[in-house]
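Report on the following structure.
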Amino acid sequence: MLTVDARGVFPIAPTPFEPDGRLDWTSLDRLIDHYVAAGADGCTILGIMGEAPKLEADESLALVERCIKRAPKLPFIVGVSAPGFAAMRALARASMEAGAAGVMIAPPSQLRTDDQIVSYYAQAVEAIGADIPFVIQDYPLTLSVVMTPGVIARIINDNPSCVMLKPEDWPGLEKISALRRLKTEGKLRRVSILTGNGGLFLDFEMERGADGAMTGYAFPEMLIDVVRLSREGRRDDAHDLFDAHLPLLRYEQQQGVGLAVRKYVMKRRGVLAHDAQRKPGNALSAAAKTEIEYLLARLARQDARARLPGVL
Amino acid sequence: MLTVDARGVFPIAPTPFEPDGRLDWTSLDRLIDHYVAAGADGCTILGIMGEAPKLEADESLALVERCIKRAPKLPFIVGVSAPGFAAMRALARASMEAGAAGVMIAPPSQLRTDDQIVSYYAQAVEAIGADIPFVIQDYPLTLSVVMTPGVIARIINDNPSCVMLKPEDWPGLEKISALRRLKTEGKLRRVSILTGNGGLFLDFEMERGADGAMTGYAFPEMLIDVVRLSREGRRDDAHDLFDAHLPLLRYEQQQGVGLAVRKYVMKRRGVLAHDAQRKPGNALSAAAKTEIEYLLARLARQDARARLPGVL
Amino acid sequence: MLTVDARGVFPIAPTPFEPDGRLDWTSLDRLIDHYVAAGADGCTILGIMGEAPKLEADESLALVERCIKRAPKLPFIVGVSAPGFAAMRALARASMEAGAAGVMIAPPSQLRTDDQIVSYYAQAVEAIGADIPFVIQDYPLTLSVVMTPGVIARIINDNPSCVMLKPEDWPGLEKISALRRLKTEGKLRRVSILTGNGGLFLDFEMERGADGAMTGYAFPEMLIDVVRLSREGRRDDAHDLFDAHLPLLRYEQQQGVGLAVRKYVMKRRGVLAHDAQRKPGNALSAAAKTEIEYLLARLARQDARARLPGVL
Amino acid sequence: MLTVDARGVFPIAPTPFEPDGRLDWTSLDRLIDHYVAAGADGCTILGIMGEAPKLEADESLALVERCIKRAPKLPFIVGVSAPGFAAMRALARASMEAGAAGVMIAPPSQLRTDDQIVSYYAQAVEAIGADIPFVIQDYPLTLSVVMTPGVIARIINDNPSCVMLKPEDWPGLEKISALRRLKTEGKLRRVSILTGNGGLFLDFEMERGADGAMTGYAFPEMLIDVVRLSREGRRDDAHDLFDAHLPLLRYEQQQGVGLAVRKYVMKRRGVLAHDAQRKPGNALSAAAKTEIEYLLARLARQDARARLPGVL
């Protein structure tokens, strides 16, 4: 079960598909194995990047079960955001029965006021049950819902089953500091903070008080090493490694296109058999593929030259 | 099967619930009977007003089947809007197998450009199959998607299985005229136009070329009579009847609260056993109930006095 | 100076233009005279409906001065909403020097959280000066900013120069009740509440605790009489008069088109010489004009028949 | 006068203020001198980053005049976006009379459909006059208006006075390619494309067909050198220089905070006397300042070590 002490890196897993749109179970197994081998501390499936809304209900559950069966010791967080609480509850409870560690809930885009957001999470907890540990996803850029540190604190304090925050506000560094300050001041209990936003500010997020990362960059090894180096106090080493990856990481950070880039790189690395998305999906242009190849070549060259402190 | 020649009134059905949140099948039967007795030409279920996202997938299908079994001759349109095409396809195909006449599809709120909207409907048709007649729901106020007449025409002309438009843009009178003009000019094939928007402009929508109404006003009899009177050319009679109901109809038109008002009136009329909504729902305040009672009393008095041309 | 005790009707004035786009000063004089003769308690100029952003800064001020000179005893509220505080301050201070009674401030559409909204009003007061009485405009449908009763109460309690609220949330009846309840409970000082929203719920808004109306319906006489009848406790008479106007009032309530309808009716009534809008504006179609004429004819007939309790 | 052949870098100038909010004319002169010395090909003032809405109308014009007087040979583009066409016209015409090279127009956030966007630019051109060269600003992330390549092409082809596009869609690489393809296919005349978006993709934007950059990164020298290196075909050198700056450039790219970062760095570099913003502004936290200093130190170290191909 997920707790407030979770730390490290929980990669956001893409969902592998065959070119014809069927789930690619073999690649899924290899992907999970890859995360385990890289030293991931957990894994998040059926997130926004996981093409979750394209799956039928029984496919979603089958995917959850397959992942857990493949890596029974890895804590899995299941994205259960849904337009209604019936579907959210069904997937949340079934996932926990299958052995998931917790669930992640994003607010629906029509929420506006502080009270609406707080109420929504109260209703969600009532729907799924207060016994399921859950993660707040704070992602205004995509979800159009803006949560202040005060609102996040209210949700955390109101709901004991809230154990983690995934902040991906933009900008977000001050928000992490504000939340950690609230904790220091005794106004907020501790929760785990694993940051998203494609990792674009991971170097400084760690220094602001994050416990790690939850994002889908195609080299999870880098995320894991940056988090480790940062926690060991090796600031320059952490930044050196991060900066070496920044050109590619930034390229992946393009809204909409990002998933195609990640699947392409993961295919290039031999993790996924295909870079297909289930329809409707984004395809990479020839120019984009050339750009990615150029970025990969530069990254390899830099690794060879600089003996980066982490595994490339 | 729904065709481009559909006319008249397809009430949007609320979904009846027991106070504890279970589906109230008895009230559902009575509701469908009420529509048939009132002379409805069809019925739309699982629309935005039908609390559809609160139902689990098997509940939705059970509701579709129950309705069709209760009134096998009534054409049912099933709302299948969903955040992903997998769920949309599943409900659409199962509903048609159960005997539905067609489905209704609303665009997701993130669509912005003309091309995005046109592509979305192309993808939806590919997902559900081109053999299922479908209705475009054009409801910017709630969905945040703005479709010009030109975009609607592109969707209609691109997809032969599009048989109906439910316009509820606001304002919308000129849009109906523009679409009918495109048809007159030979640039657009005929589709059925049944208007929504709570019926707030039904009096003039009929005169602009609508074929009828698809909305959930708690006195579907009025909608049916206004449509009939308007088609018979009895303009003043149509407006007299409409205007008598306008104070209540306007009251029902309050976003969010409207469903609670409708269920309350339908309970008062003996159609529903309860006015409950499945959580999370809106409850009426005591003040609101008093206001509705006042409006109902005024409506009854006016009916007694003026011998309204339609059935109250 | 505007105070928390303001009551009655403050019509929102349209800005009269010549067909070539110049300000029509003669019609403006006649319009102000018309409001005075009808018994208006004040007048709001340069509101959203007043085409304010189409005016240059010196035109805006000239309009303010002309109005005040024409009716020196009528309290004028000046809309000073602007994308920046420099322009807001300039117009606010110049208007007050010219003799205005107060200003109205709408929140910019990018505000989301409770704190952002509260901060914005604090900054606005700092910009214009705490000596200028101001009105909060709460209009989510157009402005996309949602203020809870709690947020409105914070703004009122934080800023002594806030003397009035113009609620035009939709729905809004419960919000008025909530604010009046906060006052009764001693959590909120009294401010004047004059409702907008085109008057669509004026009948019940008065019963929920509003002090009057601030909206631009083309028959301000009706608004004035409904407010008076309601305050005299003549409930049925107030509703009878309101309901007689509701079909036209509802027609005016169409977003975007509404101003064209109002100018057309005011021209028909001899108040404005032209129904022109400064570019870019909305023109009425021939069909729309016919519909308005039909509504006006029905209204006149009903007035003749029913001896409506107020002046038509 | 700005033409379709404009190339290179037009820095977006911040507006320098004294700590008490007055315009800091001395720093403004030094800033313009800095751009000229760095080899800028032009300069854009009163952009979104320039705190333009905080200036009164006469301040804006005074700023335009001061800049032009300081660097009479540098082409200045003036941001004239405004909530109404009266203000837009006034600033545009006065700026051109003062010697500006052209103006930049961003679409207002309420625009949704393709036709609305195209109409808006037609109205804007009618308002300011077809003799003023103008730039389209395509910035969905901040403006909420999404323009397809087709819409941009319509605006360009409809309005001969459109000479430049500032694309800052995100992602935007494919959009630049699509527009250049339309030109190759003869469907679109040439316009200059200077990219924004903080420069986050400048390395590849140049390779996709951009003519340069229009953004406010605090080291305009880097932008100028990357554009030059890219045009000389020195791909690796361009990327080496770009990548060295990417950690800081990315840090500046934080919405809202970005301007504070830029002013801080420009103060550190001796260009601005103060990093003050006119109220309401964003202040940097102590933590943020430490982070910027760390990034600057790393940048200096890398420059010393690697002999970057451009001027640091």
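We call the chains A, B, C and D, going by the order they appear; numbering starts again at 1 in every chain.
Methods note: contacts are C-beta pairs under 8 Å (C-beta built on N, C-alpha and C of every residue); 3 or more make two chains touch, one makes a residue touch a chain.
All values derive from a computational prediction rather than experimental measurement.
Peer 1: Please report the minimal path length, in steps, between chain B and chain C on the chain touch graph.
Peer 2: 1
Peer 1: Please state whether A-C or C-D has more C-beta contact pairs across its interface.
Peer 2: When C-D is set beside A-C, the one with more contacts is C-D.
Peer 1: Using mean Cα positions as chain centres, tell me which chain lies farthest from chain D.
Peer 2: Of all the other chains, the one whose centre lies farthest from chain D is B.
Peer 1: Round to the nearest whole Å and give the separation of the Cα centres of chain A and chain C.
Peer 2: Each chain reduced to its C-alpha mean, chain A and chain C end up 48 Å apart.
Peer 1: State, to the nearest whole Å, the distance from the C-alpha centre of chain A to the C-alpha centre of chain D.
Peer 2: 33
Peer 1: Where the centres are mean C-alpha positions, what is the separation of chain C from chain D, in Å?
Peer 2: Distance between chain centres, rounded to whole Å: 39 Å.
Peer 1: Please list all residues of chain D that touch 2 or more other chains.
Peer 2: Expected reply: no residues.
Peer 1: Have a look at which chains touch which and call the overall pattern line, ring, star, complete or other.
Peer 2: Drawn as a graph, the chains make a fully connected set, so complete.
Peer 1: For the complex, give me every residue of chain B touching chain A.
Peer 2: Listed in rising order, the residues are 52-57, 59, 82-87, 90, 109-110, 119, 123, 126-127, 279-280.
Peer 1: Taking the touch rule as given, give the residues of chain D at its contact with chain A in the complex, in rising order.
Peer 2: The contact residues of chain D facing chain A are 170-171, 173-174, 177, 200-201, 203-204, 207-208, 239, 242-243, 246-247, 250-251, 254-257, 285, 287-288, 291, 294, 298.
Peer 1: Which positions of chain B touch chain D when the two form their complex?
Peer 2: Result: residues 112-116, 146-148, 150-151 of chain B touch chain D.
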